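Alright, structures below, take your time with them.
Here come two complexes built around subunit A, the first alongside subunit B, the second alongside subunit C.
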Partner chain A sequence: MEKWHDNRAWFLVLPVFLMVAISAIIPLMTVVNYSVQDIFGPGQRVFVGIEWFREVLGDSRLHDALIRQLIFSGLVLLIEIPLGVAIALAMPARGWGVSVSLVLLALPLLIPWNVIGTIWIIFMRPDIGLLGVLINGLGIPFDHPTAPLDAWVTVVLMEVWHWTPLVALLAYAGLRAIPDAYFQAARIDGASAWATFRYIQLPKMRGVLVIAVLLRFMDSFLIYAEPFVLTGGGPGNSTTFLSIYLVKLAVGQFDLGPAAAFSIIYFLIVLLFSFVFYQALQRIGTGDKPGDRR
Partner chain B sequence: MGSLEWMAWTLPTAIFFVTIALILTGMTVWQIISPGTERRGFLPMATTRGDRLFIGLLGSAFIHLGWIGLTDLSLWWALAISVAYLLAMMRWG
Partner chain C sequence: MARIHLKNIAHSYEDKPRAEADFALREMDHVWQDGGAYALLGPSGCGKTTLLNVISGLIQPSRGQVFFDDQDVTNLSTQQRNIAQVFQFPVIYDTMTVFDNLAFPLRNRGFDSESVRQRVHEIAETLELTADLNRRALGLSADAKQKISLGRGLVRSDVAAILFDEPLTVIDPHLKWQLRRKLKEIHERFKLTLIYVTHDQNEALTLADQVVVMHEGQLLQAGTPQDLFETPQHTFVGYFIGSPGMNFMPCALEGDAAIVEGQRIPLGQATLAKASGIGGALEIGIRPQFLRLSAQREESGVPVTIAAVEDLGNYKIVTTRLGERSLKVKLPEDEAVPSEHGYLRFPREWTRLYADSQLVG
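Here is the complex of A and B:
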């Protein structure tokens, strides 16, 4: 029997469509318009074609920022996803411990992003910061405002502390949704803890892990407030990620044309990676291989 | 059009967005008249027409960026390659 669709449902989507149009599509159109013009002020502009794209694509500072951004997002995903899943696996399934764990995990997510940066500036200070003093006390010289590697360690630690709870909460929700029958069957078959994880829990968590990876990738790729407050992109340019460089270009130098061209390239990169991740993660645990044909 | 001055429209960008809007409208009408289903082509996953259009348009954007970044040749060549790529994607993707 053919499935019946009620097209009136589209009217229910209309308010969201209008909101997205106003908040995303119209600004995106404006950015595209700016990217092909030299903007001097309201009503004062000159069409320059693809000049800004050529300039931005040849900009070595953009290349460096992109490489830093890719390394940062890669590191963050490599740490946060396994750590989040491990925390979710270690959390209690029932009892008072569930509420305590959930509240503790939610705390970092409730703190405003710029406050996170301030907390970590103080926490990592080599003179008065708890962790900074501790690390230096162990005989390891640590000074994030002047040493690029220390700045990176601080930014990655801060990001992991801030956002791993989100991954853990999503993974925990996925784990709790698995019916007990699967685990009973695994016990009867004498499956090891690893086999249970590999063949039951991981495939069943696929949906939430897709969301977690996409959210964490996009968010880490667009990160601005925390590293800006913590390091300001320094020392030197060592933690100048794409968004920090973009703001320097658009607000600091008021180069709206190049900044708009930069934004479009940035947007396309995020879109490409998100699409690739989404497609790859959709196939985990389905037995769907690239060479398969229907 | 004074109220849209802040959007800084130009003729080429207007043509670009009208083309995208026409493609999306055309795809919607096509889907209503002749509903499509997922199928497999040379891409490593099953795709709908909409998926193939998205992949085609995203790929076309990167073809243009690559062209601008790597050559000094006219952008019309990149457009021609992109149109051929998009059509191939829609037909065999």
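Here is the complex of A and C:
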């Protein structure tokens, strides 16, 4: 059959195009516009080319924030993904336990992010916080507002508490989707519990785990509200992650140009990492070469 | 390899079964002989898969015992029973190569790598998978995947039996035939006890020496394809086996004949001898192949009207009406069919009598 073209069909995608334009493309272009100008006030601006990019890329505070951010996201992924999978494996497959565990897991996900920061400030306080007092009671000095390491422990713990349930829920959905015949075949083949996990459950969960890794990477890389409430980026700059630094730059110092340049670089970093993760995870264990994915 | 004895087995998926209907398997006692090729035939939901899973140990029966030869295996795990089972949908380990898939059951049982290699190559040769051994199993076609599932059962040389649960469902028709022949070949070569679940009677009749028919959790009849065709023990077997199925009509007995719609249909001596004093709902049954249709009245012919004639190439199916009952007659292609009215003759040796669905004689 011969293909038939009617250019009026483009009108059908126009509504979506407009929505994307308003929600994403126009704001992004505004940022691009800011990033190449020096803005003194309304109506007073000078074109400066790539000046801000040069400045931002050479900013050692930004380098430090980026390194902290990478360590933070790396830690978060290393803890949350295996922990989430372990929780999913331990969850009951049927019966009343299913709803109970699903509700318990969903709770942290329902709490507003800045409230979570507040909860953990109080929870970890060395004088009245449940966990803070407990840790100090064990003879380990713990004071997250003043000790950088303690602040890190608190932020990572909070992040793990907040988002591991999401990984667990995704992994659980993946596990439940595996047909029974696989487990029956594994029993007939005499597979151990580990072999069943390694050769059936893990490969079958790959799809949802790719999504989990991407979501957790992006969200943890962009984290703002919780550490802002919890530590405000301190003590010193020890928990100043990229977005906290960005807001300081844009709102605190009102350096709109550098902040815009920073935003674009930030965006590109997230995009690049997500792409690399996606490509790598899609191919793990399939033996596919680039370009022949099915 | 073993003789499998299901001793008074019954199974219910409910914790506290009350009524008979709560049982997926009604109480049964059946022996599967060592080296036999059995087809387990029945409509969907009749308990075939449950029965298979009871044998392989994936399900613990609610009642009764399972014996392999003289050993009671009721409480043994699937792994300890050493059974091979192939499922409806091919199960392969996606991340492994074909070789590793086939080697998996042996490696799990701690075989050394040399005997694994030898055994896998032998089975791959039999199943014509040698060329694919180093490929990933994931990208293969459905029939190759199903061969791998089968291969994983066959690599263990000491399996007690190999169970198939409708293994050809997802296979293309032209490959079905090839795989079926392969299965038969393997059975003859390895002399394994083979139980093959299907709802396709052609598959059952071509593959098995013995066909076991199930319906609503009960074993209705086990026998050779010929037994099932000529002497169905139950009306369900009669119309489930054969195409079209057996004709059944409610009847009463009078003297040496069955009375159907006011017409006398004489019965054989052997049947009459067993029928004396029998009660319950009586029916007579006859295969469409055995009915004789003619235009003129012959000795003991019953007048019928011709309702429809279907020409199916090398034979014809004629639907006739006797009062309110309809009877199908299977005729050779070249035989003339009377136009409106005809006479049906019921050969005595093929006319069966049933009481409450069970064969009388």
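Structural remarks
We take it that the second predicted complex is superposed on the first by the 271 of 294 C-alpha atoms of A that agree within 3 Å, B and C clash if a C-alpha of one lies under 4 Å from a C-alpha of the other, contacts with A are read in each partner's own complex, and residues count from 1 in each chain.
One rule holds in what follows: a contact is a pair of C-beta atoms (placed from the backbone, for glycine too) under 8 Å apart; a residue touches a chain by one contact, two chains touch by 3 or more.
As the structure is a computational prediction, the values presented were derived from the model and not from experiment.
With the two structures aligned on subunit A, subunit B fits next to subunit C without clashing.
Contacts of A:P42 after superposition: subunit B is touched, whereas subunit C is not reached.
Legend: residue contacts after superposition of the two complexes on their common chain; A:N237 is shown touching neither subunit B nor subunit C. By the touch criterion stated above, A:F53 is placed in contact with subunit B alone, subunit C being left untouched.
In the superposition on chain A, contact of A:A195 is made with subunit C only, not with subunit B. With both structures placed on the common chain, the touch criterion links A:F275 to subunit B but leaves subunit C unconnected.
Residue contacts after overlaying the shared chain place A:N136 against neither subunit B nor subunit C. In the superposed model, A:I265 makes contact with subunit B only, not with subunit C.
Judged by the touch definition given at the top, the superposed model places A:T118 against neither subunit B nor subunit C. In the superposed model, more residues of subunit A are touched by B than by the other of subunit B and subunit C.
In this overlay, which is a superposition and not a single complex, subunit B and subunit C have their closest Cα atoms 15 Å apart.
Shared contact residues of subunit A with subunit B and subunit C: 294. Interface residues of subunit A facing subunit B in the complex, by the touch rule stated above, are 26, 29-30, 32-34, 36-37, 39, 42-43, 45, 47, 49-50, 53-54, 57-58, 265, 268, 271-272, 275, 279, 282-283, 288, 290-294.
Those residues of subunit C that touch subunit A in the shared complex are 53, 56, 58, 77-79, 83-85, 87-89, 91, 93-96, 104-105, 108-109, 136, 138-139, 149, 152-153. Within the complex, the subunit A residues that touch subunit C are 179, 181-182, 184-185, 187-192, 195, 199-200, 203-204, 285-287, 294. Interface residues of subunit B facing subunit A in the complex, by the touch rule stated above, are 5-10, 12-13, 16-17, 39-40, 44-46, 54-55, 58, 61-62, 65, 68-69, 75.
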